[in-house]
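Notes follow once the structure below has been shown.
When the chains are written out, they are named A, B, C and D in that same order, and each has its own residue count from 1.
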Amino acid sequence: MSQAFTKSMARNIFYGGSMFFFLLLLVLTFDTVESLPKTDNRENLTEQVAKGKHVWENNNCIGCHTLMGEGAYFAPELGNVYKRMGNSKEAIIAFIKYRPKNGIPGRRSMPQFNLTDDELDAVAEFLKYVSEINNQNWPPNIQG
Amino acid sequence: MTKVTRYPPGEIIIWLFIMAELLVFGLFFAAYAITRIDNIELFELYQQNLDTTAALYNTIALLSSSYFVIRSVIAIKADEQKNAYRWMLLAVVMGLVFIVIKTDEFAHHIDNGITLSTNTFYMFYLSLAFFHYLHVILGLVVLGVLARNMNKGMYSSKENSSVETGASYWHMVDLVWLILFPLVYVM
Amino acid sequence: MKYTSQMVAKPYFIAAIALFVGQILFGVIMGMQYVVGDFLFPEIPFNVARMVHTNLLIVWLLFGFMGAAYYMVPDEAETELHSPLLAKVMFWIFLAAGVVTILGYLLVPYATLAEITMNDLLPTMGREFLEQPTIIKIGIVVVALAFLFNIGMTILKGRKTVINLVLMIGLVGLAVFFLFAFYNPDNIVLDKMFWWFVVHLWVEGVWELILGSLLAYVLIKTTGVDREVIEKWLYVIIAMALITGLIGTGHHFFWIGTPGYWQWWGSIFSALEPIPFFMMTIFAFNMVNKRRRQHPNKAAVLWALGCSVMAFLGAGVWGFMHTLSFVNYYTHGSQITAAHGHMAFYGAYVMIVLAIISYAMPMLNGRKAANSMKAQIVEMWSFWLMTISMVFITLFLTAAGILQVYLQRMNGDASLPFMVVQDKIEIFYWMREGAGIIFLIGLIVYIASFFVGRDQPEAEMPK
Amino acid sequence: MKIKKQSTIVETVVFLLLIMLTLVTYQVGKMGLSGVNISLGVFAIALFKGALISEHFMQLKHASGLWRWMILIWLILLGIVIYLAFTA
């Protein structure tokens, strides 16, 4: 059989193939970054939203919740929580603000983070902003 | 009588890759056709914006290129190294013709502000055409290396497995285009 | 063991196993919090436990990779390590950074940790798996660079084998893609998108190169199959891994605000991602069947074979199950994702590190090739305990996930809220916790295997 | 077992046939003919061209068993999918 498949052939396929698909990934990434303004709701990305994202990060919210489906699966999805709470920033703020310090006996409870009023507003503003990102209509329904 | 398995030409691994590639393209074609069911008007409308004549030239370019590759393979098997080299060069030239025409088409789309996100039809058309375009470039690199090696006299009637391997891949690139052309431009 | 500098691998392996224990302990705690919501609240809230669980996993796997590299690279390159001292220094720096980080998570609130590490100067914290303070991230880069330098110099001055080369490409890729961890724009869509350049291009990209390289090394050593054959397989497997995995990144770009075309690109290419794992299974079994000699270290062979199978099941089959965009629309971010994550990490990366530890440890402890039969039998018991309980963890989480998806996502207007659904699927979380405890027992048995039969002679080559 | 040599004449004829069929496809497109039957006809031509490539250019007619059929099967499956999608 003449089909002696050589190691150098295999090596060429590895280098050629990976370069090929890496370039393709770069091209697609470039296109995506170019077209993001259409979907990522950046016209509403205010100072307060940016601040809210830092509050979100500095309290490790992603350690329990998902945001657009990514994160931990211990607590509800928050990408659409603004809509779930009846398009109300106040409802979000009140929920975070009045978490009992020692939890709820036997049940999961969100910790009391002692956020300032400004931080509360910022994180609510951030969640409102996220809920208005066009993410291909995910989640399937309001329950997230 | 013992049954002898006759393998396709070239290295066997390339056929596994060809099948993998065809699987990907096949899935893309199927996705195109299935999405078209719910968007027939959209697809037919934007299809008319495509340059069918350019696609015709491209089909002829790729077909000739494939044909020249075959002539090159036949020549090398007859130990006509010089001829094999010339045919291979011609094949590369025809491949470059394809690249030039296709690049021009893409440039027109970019000028008109058309991207993957313009609409579903363009998403498929650009994805398919660009993915295929990259394959043509890769195939041309392979053919170029083969031509260079032929010029150095590295192949002969006994030693031509690499040539057949590269040729098989190139025919696959051609084959995909033969499906893509009618499906996306004409139908 | 041919080169004395290979000895630096030993502390890396010991640290890896110690941190592995910590990871599992916190896993069991989280499993408990899933069913008894106020367990250890508010001292260790779930998010802290999870951070510790996932960060320990990453850190101990990195310890394992580094130890494996320090053991394997000199052996393959047929030369002493460039600088054993640098390796030892980096070990203590990395360990200290790891321990400080974990203690930071546990002892102060996360927001305070962000404040004292001055996260505001270059905010990188608070993103899944990248929770480490920025200063620690910089430390990781420094350690990685020193490590790459050490390994790279060793490879350069010695014999250049494909296995070493592939490992090096994988490790360089690991370091390069980690740099995306420092990019954290205010735009959440961009943030999420490039976050995957770390996470996806690690576990479904360059880590597979490391996995392939280590697996090939263990197989060469234990089966005696011709190097040419093994290296050829290795090239083809990692080629398929990158060819499918690079564009496969798209399966994370379905629902995060990125354009719709990713649903096609992502679905098609990630649907092919099981191929390299399938090839790896075929490869491992083929090589063991074609073995030219019987290696006395049966446990190492078992880990290697188990790794190839479990990686295929966890990464390949469980990944494929929910990778197509129309399925993922319903399963995204559910317990099905968790099920896949558990089995894939265990099968692909935990088991390969344990395989290389199993292969190398006897030599590092002064044996010729293998532990005593008694120790090996205990180790193989731990293999089955951990592997089978991981299968059950995965199955229970999958069951929970299917119910969750059905009740919460697919019931139209009658779909139930998240917490209501969580209560309804509690039974599966209890069973998962049970399986998790058996996993912990398996891990204890594993550690015990290092201490039993030390005074007994080495296992013999079977006739 | 000696495999018959690739013949220059046969390959040239196949090549010219492929060009002709391509021109036909193009002409159909230019004439603005539409309708499901036209589309399916055009695609049938494309599949036939694919088969020519597989059998002649790729030399699979000399291969045995599944090796010979791998691309033909791909073409047939594709044909079925396209047929179903265009007549749906």
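Going forward, a contact is a pair of C-beta atoms (placed from the backbone, for glycine too) under 8 Å apart; a residue touches a chain by one contact, two chains touch by 3 or more.
Note that the coordinates shown come from a computational prediction; the quantities given were computed from them, not determined experimentally.
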Moving step by step through touching chains, the smallest count that connects chain A to chain D is 2
Chain pair with the higher count of C-beta pairs in contact (A-C, A-B):
A-C
Chain of greatest Cα-centre distance to chain C:
D
Rounded to a whole Å, what is the gap between the Cα centroids of chain B and chain C?
39
Go ahead and note the Å separation of the Cα centroids belonging to chain C and chain D.
47
Quick one: report the Å distance separating chain A from chain C, using the average Cα coordinate of each chain.
23
So chain C residues touching two or more other chains come to 236, 259-260, 265
Residue numbers of chain A (touch at least two other chains)
5-6, 10, 13, 20, 24, 28, 31, 35, 38
Find every residue in chain D that makes contact with two or more other chains and list them.
none
Could you draw the chains as nodes, link the ones that touch, and say if you get a line, ring, star, complete or other?
other
Where on chain C does chain A make contact in their complex?
30, 33-34, 36-38, 41-42, 45-48, 50-51, 110-111, 114-115, 119-120, 123, 125-128, 131, 162, 184, 186-193, 228, 231-232, 235-236, 238-239, 242-243, 246-247, 249-250, 253-260, 262-263, 265, 329-330, 332-335, 337-338, 408-410, 412-413, 415-419, 422
Flag every residue of chain D that touches chain B in the complex, lowest number first.
1, 3, 5-6, 8, 11-12, 15, 18-19, 22-23, 25-26, 28-30, 34, 39, 42-43, 45-47, 49-50, 53-54, 57-60, 62-65, 67-68, 70-71, 74, 77-78, 81-82, 85-86, 88
Per the contact definition, I'd like the list of chain C residues that touch chain B in the complex.
236, 259-261, 264-265, 268-269, 271-272, 275
Touching residues on chain B, where the partner in the complex is chain A:
7, 10-13, 17, 115-117, 130-131, 134, 138, 141, 161, 165
Residues on chain B engaged by chain C in the complex (per definition of touch)
13, 20, 23-24, 27-28, 31, 116-117, 123-124, 127
